[in-house]
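Next up, some structures in structure tokens.
The same subunit A turns up in both complexes below, where it pairs with subunit B and then with subunit C.
Presenting the complex of A and B:
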């Protein structure tokens, strides 16, 4: 199939992009790498009147280190993370996640911001960045705002982003030198969307957080996941998975519990 | 008087493929690469529901001249792919639906625009009113308890029922061992890299329709088009340019071809339709959906006493041209016994109509399902009698001293050493090593298993086999038109088509073998009904035997004429001459004339020809048919070691061995490529590919994110061991080998998985062997034990 007709505008600045979106009254779509939107356009699942291309906005391609961590612009590609163009402030975590996203051809063009805004539950960044307690930086007609990624993603393929807002970047906290992480993904074959993702972060000083990903909803956070690593309370994992909405299907339940267990084992190793 | 075989470029040489340069540099020419001046692009309005009456339809205002319904296609007849088998019920496949739609994706209206996007815009505005009918989705329910009738006039949903009967009473009473299994293989969507594509243009000067189509059998498409359009075959020229993989998917007359042919003639403008991936997955022909209720009777050694089987094939809504809806099931009953001996055999088959697209014979055709059913059951026999699976095979396989062998269904096995293939596979895989490793267990907790599967494959079968099916084509003499050009280049014209088989190379090797012509000086002309002799085309692993035989025969005739002329030129009797290195030389001397010099004499210096020169010159049409035309039987044993993660259900292939015998190999490297490619597709059948339908007949995998194909990471580095037992019936002893790779993998991999899970008491019986199915089977066994 071929896309329905649309207009195309290349925005030169964040303000210009927001102006274009505001003027389009909800009938525009933002495009960056196009790795999700491209197929949706061709299948005519998305039929926007206007595409606002934000790839060429300088600020969105910037990577800025701060005291607390790093601000990664929305249009930074998975490949840039994989190739180490983003400084390693997560003890190799983001690099590992990036290298496991789909295929290199997708990573060359796909962007962090695009992946987060698409909010596919089986996408890697929504899970990985939720684990890191990343913060979404947003700009719209009302100015700049920010919210935690956990708040930002509201469900499968849905976020808090208004039609006239764009995601500028992610503010991602630095991991402490003693922090440990694990990320276990189960796919039918490398490069496919995950059937289940389990991710755990231990900050090295006692706090331990986990995320259940690739469910039919938004990533599910387990704020205190010590029971997983310590294998202290199998019943709690069951209720966490139930809360993540996978209990209806024995297969879903099984693979999600296995990836969590394996993520825990990786962390302990 | 054949060519001196000292050269390493003839039959048996691993000559690099001549065609690869253009493909590897992106210079192949496919239908999608062809544009004609003033061309319109076509999009189809396709049925969104599986089964419904069409209550009405309307064209968008102002665009009436861009939209066509079946009622507009005056004079066009439906595609009718009959079978001569007794009791067959034919179906009418109208190029655009008439009265009813019978599967999601069926063409209902045709729309033309300046671009494909514009054509799709128009299609989106066409209104069709549907009155839904219950969908017939499950093939067993379709025949035993139908929710509706796909073709009301039939009274049931059965295209054809067949029975190979036998008296099994005694065996049933007395057989020491009986295993019964219910086995199923999922529906698949054949997925070549290139989908279908059709471009039609009306040539006013020739009063001829020119059609470029990604087709395996251009002459058959021409015959079918002629019948549907009511114009003579000479008024149709079908050109099949480069084609990106066939596998059976392109061995069909498409409704889209009929529609575009009519439209180009009506509009007097070129029109093109390119199938997109969604159409390929959801609307076009499918394959492989079989259901087997099989009982295998054996003695305590695992020796087969009888097989009793009820097999059902989901043939979809329509009988497709030319292979019909019944070839597959009929084949099941004739080949289920495989390469084995047995005393009794009974098999009933049903070809069932459902509200899904029709079926086409995919690489391996019915053999993939048959091999799966029988080899899975044989492993169950091996477990029942406490023997290694290969031991059970060895007591049942036809042995070399029994060749040629007429099996229980009357198949004529031509040659080979079937047990040796099994023994070599066992050795090559190192079965004892794997058994030892199994005892030790895996450090990561996975379970390792070993599986094998054996098959023999009838290929290049001809007239005597096909006239009995009564389908719209019967292969007869395969022809080659050969011409030595004035500059000594040899042109070969064949009616079959090469789309990955490497015929541009291998047929040049055949010509070299006979005529001594440099393979680089051979041009293969194929894929054009205007330029080539009639042929049923490329299917049934037949080209190397049939076209290869025709090329050899034609070259032999050319060789005789060349030598006659050379004799005149050199003043030496033909008996004193031999063909060598692109020329003719005097035995025991350096004196020679080149093929170019001989050709120059004939074409450019006719005044120098002897008065008795053969007026037919250096051009000939020769036909070929194997001495025994019941087909060659290549065979193979695939052996697999696999690891199963019993927590996730993930299967990893750890080692894969193929021992195969394709008779004399014309080009071993090309054969390796065929085996690798086929086995990769077989791995898809085994582990990944599945087109599921919901209860309303909606296909649930409409993109490649849902329809999972094996890729580089899923196909292991296979090891191929060749055996070469010549066929006594063919030109060089070659056998058809193109499909074999795709036959055994589902059976071999299933057996490996079952071997791995046997200690848990778990046995899988269905492909693809997905994590979900493995975990469900493990879960079911656990709950059966606890209850």
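Presenting the complex of A and C:
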């Protein structure tokens, strides 16, 4: 399998990348690690006229701690998170998620921003960072803007990003010392795309949020997920799964409900 | 046809200047242009692991990495490990433990195995299997491969402790 012909340009700065994207009138794709786009190109599911390589832009590789948490540049790799190069401000959550993404050779190249922009429903970061209420930092011809990740991902492989905008990084809030999390994903083989993902975050002061991932749509947030952990209302899980769009298929329904229950059990443990 | 781009990369310690079509992936580049056919192409979408080589010091899938994107980088293919002591130990253990049959997956397996040995010196069998999950072998059933890696890990541990 060989990719269709495309041109390639390496951007030296965010401005240069935005200029290249603007000039290409929607026929370019941004590439960072290329671990999702590479297969798409080889399978000819994507046939852009131009690849704009942003991997070497210094600012996109930076990790900056703030009082509220951390700003992680788009081109930070999964392996960097796995190896602890990103300071642990999520009580081990991001490290655990990173270590479970695909395979080490993929994690060495694949980036957090690339994964978010690819917005594969079975991707780990769209689910994990939605759970953390992360904010997407965007730059385009109109300047800088930001929006919650929950808003940013609009559907399978779809985001709010305009063709001339790039995701600069993610602002991720720090978890409180008493916060607890769980992340359970079901794959038929380690490293495979997940069939179902369940993630729960208890902030330690009563608020409890969950995300249903690897559905056929954007990650589905359950804002008040106490019923999952307390196992107080089994009917509500059914309606949450229905709202996540998995009710049409008995297998999907079964696997997602089991994954959510296991995530709840993990949190309680 | 798209215009070729000039790149300069280091391959197995040698500086290579080449003009490449942007759509050429790194595996095809090292195989077709440099005749380093030790790197194998299997699935060509990043799943089977046969094309795994070292890129900038870390294992990477060369079938989903564009040669043009490696400009300025450093590539080490299986041919570049002839004198590498860890790879030497692994080659010997792979032979002794029947860790290959047809040999198609072997270059990628050895690259991943070397990464396991150097990055995870305390890996147990379960961890070795987990780390190997991105390299498919259709001959051996993995038992020999896991055993070969475990053997190298164990022998490195006992030699680190020294004799006696």
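In this text, the second predicted complex is superposed on the first by the 269 of 269 C-alpha atoms of A that agree within 3 Å, B and C clash if a C-alpha of one lies under 4 Å from a C-alpha of the other, contacts with A are read in each partner's own complex, and residues count from 1 in each chain.
In this section, a residue touches a chain if its C-beta (ideal position, glycine included) is under 8 Å from a C-beta of that chain, and two chains touch if they have at least 3 such contacts.
This is a predicted model, so every value here is computed, not measured.
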Inset, instruction - Have a look at where A:10 lands relative to subunit B and subunit C in the superposition and call it first, second, both or neither. - result: second
Inset, instruction - Check the residue A:269 against both partner chains and state whether it touches subunit B (first), subunit C (second), both, or neither. - result: neither
Inset, instruction - State whether A:39 touches subunit B only (first), subunit C only (second), both chains, or neither. - result: both
Inset, instruction - Kindly classify A:104 by the partners it touches after superposition: subunit B alone (first), subunit C alone (second), both, or neither? - result: second
Inset, instruction - Check the residue A:189 against both partner chains and state whether it touches subunit B (first), subunit C (second), both, or neither. - result: both
Inset, instruction - Once the structures are superposed on A, label A:177 by its partner contacts, choosing first (subunit B), second (subunit C), both or neither. - result: neither
Legend entry - Which superposed partner A:250 touches (first subunit B, second subunit C, both, neither): first
Inset, instruction - Quick one: classify A:1 as touching subunit B (first), subunit C (second), both or neither. - result: both
Inset, instruction - Check whether subunit B or subunit C contacts more residues of subunit A in the superposed model. - result: C
Inset, instruction - Find the residues of subunit A that appear in the contact set with subunit B and again in the contact set with subunit C. - result: 1-5, 39, 43, 189-191
Inset, instruction - Flag every residue of subunit A that touches subunit C in the complex, lowest number first. - result: 1-8, 10, 31, 34-35, 38-39, 41-43, 51, 53, 55, 79, 102-106, 108-109, 189-191
Legend entry - Interfacial residue positions of subunit C with respect to subunit A in the complex: 1-3, 5, 21-23, 25, 28, 44-46, 49, 52, 55, 58-61, 63-66, 68-69, 71, 111-112, 115, 130-131, 133-135
Inset, instruction - Quick one: which bits of subunit B touch subunit A in the complex? Just the residue numbers, please. - result: 115-117, 120-121, 124, 276, 278, 647-650, 688, 703, 705, 708, 710-711, 713-714, 770-772, 775-776, 779
Legend entry - subunit A residues within the subunit B interface of the complex: 1-5, 39, 43-44, 186, 188-193, 195, 250-251, 254-255, 258-259
